[in-house]
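You will see two complexes here that share chain A, one where it goes with chain B and one where it goes with chain C.
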Partner chain A sequence: MPDRPIPTSYAHLVRVDDGKWARAAWLIAGLILIVAVPLAMGNGSIAPEWVGVAIQAQIFIVGAVGLMLLSGVTGQLSLGHAAFLAVGGFAAANLALDFGLPWWVVLPLAGLISALVGVLIAPFAFRLKGLYLAIVTLGLVFVIQHVLLRWTDISGGHRGTAVPMFNGFVDDPENMTPMEKAEAGFGREPWEIGGVFMGRDVQMYVVFLLVTVAACLFARNVLRTRMGRAMAAVGSGDIAASVLGIRVKWVKTAAFGLSSFYAGVAGAMWGWKQTYLTVDPPFDLHLSMEFVAMIFIGGLGTVMGAVLGAILFASGRPLAAELAELPFLRDSSLQEGDIVLFVFGATVIVFMLFEPRGLRGIWSRVKRYFTTWPVK
Partner chain B sequence: MTEKLLELAGIGLSFGGIRALDAVDLNLEEGELLAIIGPNGAGKTSLFNIISGVYAPSEGQVSFRGRDITRADSRRRAELGLARTFQNLELFPLLNVVENILVGRHRHLRSGVLAGGVWFGKARGEEIRHRARVEEIIEFLEIEPYRSDAVDTLPYGIRKRVELGRALAMDPTVLLLDEPVAGMNNEETEDIARLILDIKEEFGIAQLLVEHDMGVVMDLADRITVLDYGRVIATGTPDEISHDQAVIGAYLGREGAEK
Partner chain C sequence: MTQFAELTIAGLALGAIYSLIAVGFVMVYRSSGLLNFAQGEFATLGAFLMTTFAAWAVLPWPVALLLTVLVMMAVGMGIERVIMRKLLGRPPFIGSIVTIFVGFLLSVAVLWIYGSSTRAMPTPWDPVKIVEVGGVEFTLTNLVTILVAIVLIGTLAFVMQRTPMGMAMRAVADDQEAAFALGIPVERLLGLTWGIAASLGAVAGVFLAMFPRSATVAMGLLAFRAFPAVIIGGLESPVGAIIGGSALGLLQVHGEYYVNPHLGDFGIGFHLVLAFIVMIAFLMIKPHGLFGTKELERV
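Take a look at the complex of A and B:
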């Protein structure tokens, strides 16, 4: 199917253009996700449980794309991603509780606060590489956990804190009654479209979908321009990059900042989904490892890989839980959590052995099959 | 006296007790093609690493257009117009051919993370302008069919050309080529040799060439410097070098020189 027009200008050449079939497919997928899925969620065709899974997938996507930029592209292996999510989550809580800021102001600010922490961590990556950097970032998870638990004004200590998601600016949020807070909160009024009512979760799905798409497009654009190429260059070697005139330290700093911005945004989304956050769980080493596994399974180096890995992980948990209902497993002494862990672990190993390019590798093989059809 | 483009004076380099380079003097003039030859382990690649700022010399001075750059890092030297290729290819596997060459344009581009992520406006305009230059280079190197291929799927000879293209995309004043024809067959070697001459004649870029293929060196170089055990044992035109007793001795052994 040679459906691509011959490029006639450089403006044409720099476009992301996979041909008219791919464009049609993206359009249809987009319409399904933004129109059909919310309607199906609203009228109950999609179980509320799976609405939660979809929102979790969106949070994972934003987080995984962030880690992909840092570890998958720039080659700076980080086990500290959960720490940046925590910073974003608690920043979101406090920006709303103390300053009464609406969610659409909190979202970028939570990202920026997390990015600031990321930029401060970046100098460790100037000298440390590979596993040594991984150990430092692993330490970061414990440091941030400790600081947050002790700083009870921010985190509420072990009790945790509410994460309000206000629709608009709120005056004096500290003296509001819980009732008033709820009134100002996101999703209070259901949306009605063609007789279908959509509650808070469905509205959140729609809003997060826009955030997720924006996050993916931004990352895609970064990767096809100057800084993204510099990141990929640094990812394969400091020397070759610097010989080409790239400021390696600056690129690493930018990668840490950008990656933790994404993590901060994902943390804020996480807080809003839960409405209430504690430090641990969820923001522990286990979550960091999950993000690393997501980008590995998805396939390192591309946004699509991060997206596929994140979706697999978000939907993997309920799927593995269904697996636990199988007779021979149900009667065993295994807990549901054990089975979930086992399935994830086995999946990672299988991918490393048989498809090191990840889900993204499978995807490009499928794509090639169709673009070269009927030639094999 | 004309100002030397690139000048090395009294360069020494030691790794522990090993003396890799000793009192090396070298100069490269505008538009000149200077080859550095010598037996294995003579210090050719070390010299390249000193010129491109990967190693700092133990003693001596490197200057570029009369300016001391001994302490300048690789990035600074790249900005001054020094470009190099590597003996073992250093292409970026995450990027395709066009993108690899575009990395060479890095110092001419300005957009940061934010402008890049937004795409429309500054970044797009820049990408279009510089894509035009990259396409010229692709055409010059005759690698059009491979334009959007992943670099690790390409044949060796093509990969070498892509790396050359990436260095050319920097619009350098000096191009350092570390064994550009190593491991190539005759046809590939001839193609690269022709490209090296074209780079000199069409673009007027001064080149410093490390190469083992004597045929290529003798045919292409304006001047040749011979290194042996980290010292310069001769400098001269290809004709002078091929008759130099010290050089013949270094390559064939002392007895060879005496005969």
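Take a look at the complex of A and C:
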């Protein structure tokens, strides 16, 4: 069912947004997110744990949009997304620790390194389809996990490694004391805007917001390019796509590369948020499956769906943690994470049974109700 | 040589467990075209139920095992009835994804009921008993595991090939619509398939938790480790599942002993990954496994 007016001209067909009102709404929402929220969060006036939740949501959004491009649009079901996040996270750690690169150089580089791994994996998708591909990517999680764990120069083994986020280029980072590293790190100086002081968390929120918005807009625009349309064509049937003259292998490679670029960026962000990374947890099969859950809850195939799913996941975590306080659960051996897992497992199942189009489907139904009102 | 033979028997015993899990995968895949990621949780739940029945309720061992199998059959059929049946007619990968989350629910349920501690699996025979045949020593548990797997999978193969019920199940696996048109109760048979898959998983779990291992929540991961077996054998063939399972068990046990030490630090735990590497290489050469059939695709 269309949830927007029927296009009546070419300009109408190719426009990016839904007209001036939609544009105004997005602008206001954007301003609130980038101005009002940090101001409100500065000085700790909003419960500080929600800053962490917001940052986690941004990381999830970038990762989920990446997986959406690969699994939702191009139809290459991947259970290996966590492995690419891990590659990005440890790339970020080592680029800073070995070369003293600032975070704004590390961010794209971590993405590129992860993308390179993704492109190397892509050939598996040439011969394999559907569930077989899913199992291979699942195997890759184990393989990459093993390699990272054993490659102690890179990952620090089971102990893990610090992930510094330098503000500028740093000379000779290997001989710096932890104190000096912290001095050169992101968020040392509080930002002051109109009497409100913003600490590291809030600064990180602002920076990540820009990254997240850029990632979403880029993905949305990629979908409108020749490559994006080709990806969607491959997603709905790769043999048919190849008959149409689409170079399927090239498209699949691009999709893997792009998706793992996003994952790498998300991994680097994850590292900076935590300031310290180990391989497992968090980068295990469960994380991969959580990403799959996000794009499914949100609604497959749209950027909006991935964003909604990621936000639901990140904000649901503290809410589900509240459940852990319930009397019959408090004394059990269940950890907070287990309850989160249970709640999300149940949510995904309910969504798959009753609303296969996800949050995005609910959203478009609500929208259609208002656009076509009073017609039912 | 003796050592090689001993490792081979240990590998075959592990392979027998993998085969049981893999046959569970194949049952569900053949009948409904979806991959049941919750199979490992069936094993975990089965193993814990067995400890409850045999150690806590002190039932005789065979009765406890039978009870475990029956309860797990009910669990499998229940999951099919409540969740999977609603997904009939939807693309198979949707159903497969749903099973991942069914697995999550089961694993949390096990954790909630049994906690995170490990439990020893009772056995009617002495769990450390060593059998010696011609200088080759192995535990009695390994021998029983192999025998049980052979008997169970053999019975299953007989039922599938020779009985009317098995014939109907194969018809459903072949073409659900055509089976429906013939008056075969497709839905009931799908439920039965899930029940059988769950109870096979439970038996695998019971034997996997025996000495020197024990029942833990982490056993659910095992099903993911069994994937190479299903892939190498092909998703559609029970025979393939047995061969794939045995190959996987042998690969892991021999790999741990003969390959790991040569890799230095990198070799620690490498045998678990080795199976996946072999699986990926194998898929490159034969994308449908040894006994899988190539799908013809309609555009």
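The definition used in the following text is that the second predicted complex is superposed on the first by the 351 of 376 C-alpha atoms of A that agree within 3 Å, B and C clash if a C-alpha of one lies under 4 Å from a C-alpha of the other, contacts with A are read in each partner's own complex, and residues count from 1 in each chain.
Basically, a residue touches a chain if its C-beta (ideal position, glycine included) is under 8 Å from a C-beta of that chain, and two chains touch if they have at least 3 such contacts.
Since this is a predicted model, take the numbers as computed values, not measurements.
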Chain C versus chain B, contacts on chain A by residue: C
Partner chain(s) touched by A:131 [first = chain B, second = chain C, both, neither]: second
Which of chain B and chain C A:175 touches, first, second, both or neither: neither
Chain B versus chain C as contact partner of A:233, first or second or both or neither: first
Partner chain in contact with A:218 - chain B first, chain C second, else both or neither: first
First, second, both or neither for A:150, with chain B first and chain C second: second
Which of chain B and chain C A:248 touches, first, second, both or neither: first
First, second, both or neither for A:10, with chain B first and chain C second: first
Which of chain B and chain C A:339 touches, first, second, both or neither: second
Residues of chain A contacting chain B in one complex and chain C in the other: 237, 239-240, 243
Touching residues (chain side chain C, partner chain A) in the complex: 34-35, 83, 86-87, 90, 92-94, 96-98, 100-102, 104-105, 107-109, 111-112, 115-117, 221, 224, 227-228, 230-231, 235, 265-266, 268-270, 272-273, 276-277, 279-280, 283-284, 287-288, 297, 299
Residues of chain A touching chain C in the complex: 77, 124, 127-128, 130-132, 134-136, 138-140, 142-143, 146, 150, 152, 237, 239-240, 243, 285, 289, 292-293, 296, 329, 332-334, 338-339, 341-342, 344-346, 348-349, 352-353, 356
Complex contact set, residues of chain B against chain A: 52-54, 73-75, 78-79, 83-84, 86, 90, 92-95, 99, 102-104, 106-107, 109-113, 115-119, 123-124, 126-129, 131-132, 135, 166, 170
Touching residues on chain A, where the partner in the complex is chain B: 10-11, 13-14, 73, 218-219, 221-222, 224-230, 232-233, 235-237, 239-240, 242-248, 254, 257-258, 301
